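What follows is a set of structures for review.
Look for chain A in each of the two complexes below; its partner is chain B in the first and chain C in the second.
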Partner chain A sequence: MSSSEKNVLLSVKELKKYYPVPNPSLRPQPKRFVRAVDGVSFALREGETLGLVGESGCGKSTVGRLLVGIEQPTEGTVEYRGRSLADRKSCERKHIRTELQMIFQDPYAALNPRKHVYDILSAPMLYHGLADRSNAGQKVDELLEQVGLPKNAKERYPHEFSGGQRQRIVIAKALSLNPKVIICDEPVSALDNSIQAQVLNLLRDLQRERGLSYLYIAHGLGTVHYVSHRVAVMYLGRIVEVADVEEIFRRPLHPYAQMLISSVPVADPTKRDRPVVIPPGEVPSAMDIPSGCRFHDRCPYADDRCRREEPELRAALPAQAEADAVAAGQRGAGERFAAGAVLHETACWHAEQIEAKTMGQTAAERSAEW
Partner chain B sequence: MEQKSEPLLEVKDLELIFSSDFGDRTVTDHISFHVNAGETLGIVGESGCGKSVTSLAIMGLLARNGRVNAGSIVLRSRRKPEGKDLLRLTRRELDEVRGRDISMIFQDALASLNPVFSIGNQVVEAVCAHQTMDRREAAARAEELLRRVGLPDPEAAMRKYPFQLSGGMRQRVMIAMALAGKPELLIADEATTALDVTIQAQIMRMIRDIRREMQMSMLLITHDIGLIAEMSDRVIVMYAGQIVEEADVYELFRNPLHPYTRLLIAATPGMYDAPDRKLAAIPGTVPENYTDIIGCRFADRCPYVTTECVKPQENREFSPGHSARCHLAAQIPAADTGAGAAGQTQPTEGVFAARASHQGASAWRDS
Partner chain C sequence: MNESYLGSVLRRFRYHKRGLVSFWVLAVIAALALLAPWIAPYDPTAITPDFSAPPSLRHLLGTDEIGRDMLSRLLYGARMSLFVGFMSTAIATVIGTVLGLLAGYFGGALDGVLMRFTDMVMSFPYILLILVAATIFQPGMWNIILILGLVDWPGVARLVRGSVMELRNADYVHGSEIAGMSRRYILFSDILPNVTAPILVFATSVMAISILDESALSFLGMGIQPPTASLGNMLNGAQSLTILTDKPWLWLPPGILIITLVVCVNFIGDALRDAIDPTTVR
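On to the complex of A and B.
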């Protein structure tokens, strides 16, 4: 753990963001809040991609906006390199802002339609003193080359580019300040399939070249699997499960994570008859979050404790088969967990029991899928 | 069932033209396909490939600047098994077909519902459109439909207005209205694209059950090849206004022939991919004025391109029911389906190590 803590760039502790709900009547009423983000903690390490997934309204985009300072948290802290952003002086924050950049979903809205690409890319560098008039042109050329656009792109306007190319410009803009962390909020959702792959490969290549860290916020689990090292699943403002990417898709423990993953269509018709569990009903309102575990009213395994007490994220036990192997003293067994090599945290009281109970089914499913 | 050779819907040589200030543009180029009774035909393609306008042409809903230049759309419904060309119907005859023989659900349910009428009002209207029944009977039928599509507490929902429902619930209402006339063909045009995956799964499951129950055929139009793989029996792949491949769904994913189909599958990431999989990126973008291209419209993005590709390509049948518009299709080795298929199996431990060292070149680039 200690070695990994050393590399932590961004650490978020008990982050909360409540939006007040306007009272439509004249009569005073107790203030109500939309609890968009309701106690989220995670750490982002150097060179790592953390995927943040969940359905619309779960607060994943709000988390991204809180990290770059577009929104101010109601409670909790965002620490960059070990110190809270709120504690820093404004000039220091200005510098940190260059290291934390963001890519948005809609490349049409993220670029000023009245500026040349040259101006769009050079303005941030000039403002932060990373370039001056004499070498800005050269730096813009370098950026365009990095994101795979021709040099003459800088004399053109955003509307002259296709969606995929525009997203490349947005990425170049984010790169212009030599960031350490890029928050990617649904960067490929607006793009066609064939273009998605181009942008995803670009993001991966840039990470390798520059050692970037990404917080990759998305609802498409296929793309999340492709770019992420770790994945956090959010539900109604909280993280319900975090694990290494292969671990979470192979062995989702939280009932919601299981259902979310099994709802995703798989591009292979031979797997269409796999057992699929779909959560009943819809996500409740963030204004009126259920007591206890916030998934309990849709969870088939919920009991009294789930209705009363809210589970916190905790380390998950290794799978039963693995535990048995350790008990039997088999060689190499349990190494993955013992060495802390596999990280898996879940916020469910009964995750392991549920897994044991549904073992036969998931094992069959797993053998079919792997 | 008795007329297995005769498809329910047969589209032949459909050519659609949209006119604008800059002249006419052919958006679909002699499209031919059919939907058999009881089957789900999937149409997959990227935005602007002509898949939606094709469905709008079937329903007679083309925008004012669009027209059918050539072709026919023959529907052989239970009421008229000898078939009729939908393009030659009068407005009134078409109204008979829409909602009763063919229904359609769209992506944006909020735009398809009238904001100032209650849900009950609108579903009852759909019920009464093709049947004569009194108000109370119609209301009972509407409630039954709403219950069938999984709306919780349909009685209360009847009194609600569209804005009071969530996106998933609105889409359910749309489906209830589409089912009101007991259609033989349901066209779903990106019907679940705007919804979350869990809601999409709920709705697709519900549609699948209802389809079986009512022996309804479906035309599923989407850009999501995952959804195609889950739902359809046969698939048509469209690119730049043309059908480039047609096959049974299992055959298509096992043995895609057209380079575009191969790359499309290889460019789609899945949750169970091997950690070291590299997505095959299709270079470039869809050509904008694709009508001017005489040869293969995918040629400028195709890794297998040869000098032959500048000549017009025909749809050729390579095995029964499997055709592709590519002269090379049979020559490219079957295993060469891009980077994807190779890396589909075996989870590896050391994710980080594998990720860090993923190599640039994908399978098809090496060959």
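On to the complex of A and C.
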């Protein structure tokens, strides 16, 4: 654990964002809030991609916006290299904020339609003194080359490019300030499938070349599986499960994580009859979050404790098979788990018992799907 | 393919027949008005021996009651009306744009104060305010321009505020904020260029209204003072019934010219709006 804590770049603690709900009537009412983000904590390490998944409206995009400072948190802290980003003055002076950049979902809205690509890419570098008039052109060329666009792209306007090309320009813009962390807010969900792979590969290549860390926010689990090292599952403003990517897809513990992962269609006709659990009911409103575990009203395993007490994220126990392996003295996954090499945290009171009860789909089967 | 935004707007404008015709009509009138000192047959204030003469070869549009050449006065009057309209529009647009940008971008208390002030200015009975102001200050060209400019800006301010509030949440503005760009850069390089188009469209209607208001003021005797010609004070004589019935050459040409100017400016505004937003098919 100590080695992994050392290279933590971004540390988020108990982040909350409440939006006040306007009172439409003249009669005074108690103030109500939409609790978009309701106590999110995680760490992002150097060179790592953390996938943040969840349904629409679970607050995952808001987390991204809080990190880059588009929105101010109601509570909680974001520390970058041990320095609180809320301390705006010192961060802006030292150009620390610019080490966090963002890639947006809609590449059509993320570029100023009135500007040449050259202006879009060079303005931030010129402003921050990373380039001057004499070498800005060369730097723009380098950026375009890195994202796989021709040099003559810089003389053109954003509307002359396709969605995938625009997303490459957005990526180049984010790269122009030499960031360490890039928040990717559904960077490919507006693109065609064939283009998605290209952009994801570009993101992976850039990560390798520059040692970037990504917070990869998405609802499509396929792309998350492809790019992430670790995955955090969000439900109604909280993280309910975090684990290494293979671990979570093989062995989701939280009932919501199980349902989310089982709902992904698998391109294999022989798996047509595999069990798909869809949570009953609707996602509750973020204005009116259930007591106790916020998933209890849709969870088939909920008991009294779930209705009363809210579970926190905690380290999960190793799977039964692995525990048996350890007990039997075999060297393997179980030991790695015990040594902390496999990280798995879940926010469910009964995760292990549920797992023991529902061994319908074996771990081996599940990992074969991915 | 290397077409700039403005280029594509101009291209679409050229396919807008009504707008294009209006543009050329206005251009011809403006050119004649600008060239008035060289092409006017008479000095617009010089009194000739013919009083209230109907149109003839000597005076193409006749003369007024004290013997001034109507054609010359019409040219100088158009010059005055266009100048007043243009200048007061410029003033109103600058004030409205600055206040709208501030209110829309910073929001909060500043927005509240500025917008209540805007509502206040908007709720004044307009023509009365102008009349009072025109009597307190000396009526004269620059005062008219200032008064009209200071009264016409609330519409611009509201429009700009609305557009800025929308753009403030555009991803590319967020992108600039995340890139740590200065407020000045975001306001003037990211936001302002994207609201110029609607401002331009709105400015045309402000200009049309300014031309009408100047005419109305001058007609009431509070605007441009005789002997200086303006389209409005040329119509002043039309207050008398005998002139209305017996001497149409005294009021018909300036009246038609005012209507033509206002219609042309409005049509150009419509064409610009269509050219800027190709999705609005009429």
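Throughout what follows, the second predicted complex is superposed on the first by the 349 of 370 C-alpha atoms of A that agree within 3 Å, B and C clash if a C-alpha of one lies under 4 Å from a C-alpha of the other, contacts with A are read in each partner's own complex, and residues count from 1 in each chain.
Note that contacts are C-beta pairs under 8 Å (C-beta built on N, C-alpha and C of every residue); 3 or more make two chains touch, one makes a residue touch a chain.
No experiment lies behind these values; they were computed from the predicted model shown.
Asker: Following the superposition defined at the top, how do chain B and chain C come out on chain A, clash or fit?
Answerer: fit
Asker: Now for A:104: first (chain B), second (chain C), both, or neither, which partner does it touch?
Answerer: Second partner only.
Asker: What is the value, to the nearest 10 degrees, of the angle subtended at the Cα centroid of chain A by the Cα centroids of chain B and chain C?
Answerer: 80
Asker: Touching A:258, do we find chain B (first), chain C (second), both, or neither?
Answerer: Neither partner.
Asker: On chain A, which partner touches more residues: chain B or chain C?
Answerer: Here the partner covering more residues of chain A is B.
Asker: Quick one: is A:122 in contact with chain B, with chain C, with both, or with neither? Answer first, second, both or neither.
Answerer: The answer is neither, since A:122 touches no partner chain.
Asker: Touch test for A:225: chain B only (first), chain C only (second), both, or neither?
Answerer: Only chain B is touched by A:225; chain C is not.
Asker: Between chain B (first) and chain C (second), which, if any, makes contact with A:278: first, second, both or neither?
Answerer: first
Asker: In whole Å, how close do chain B and chain C get at the C-alpha level once superposed?
Answerer: It comes out at 12 Å between the closest C-alpha atoms.
Asker: Show me the chain A residues, by the header's touch rule, that chain B contacts in one structure and chain C contacts in the other.
Answerer: Shared contact residues on chain A: none.
Asker: Where on chain B is chain A touching in the complex?
Answerer: 46-47, 152, 166, 168-169, 196-202, 204-205, 223-230, 249-250, 253, 263-265, 267-273, 275, 277-283, 285-286, 301, 345-349, 351-352, 355-356, 358, 360
Asker: Going by the contact rule at the top, pick out the chain C residues touching chain A in the complex.
Answerer: 1-5, 170-172, 174-182, 185, 189-190, 193-194
Asker: Using the touch definition up top, name the residues of chain A that touch chain C in the complex.
Answerer: Residue list for chain A touching chain C: 65, 68-70, 92, 95, 97-98, 100-102, 104, 106, 109-115, 123-124, 127-128, 155-157, 160, 170, 173, 176-177.
Asker: Would you tell me which residues of chain A are touching chain B in their complex?
Answerer: 55-56, 162, 164-165, 192-198, 200-201, 204-205, 208, 219, 221-223, 225-226, 229, 244-246, 249-250, 259-272, 276, 278-279, 281-283, 336, 369-370
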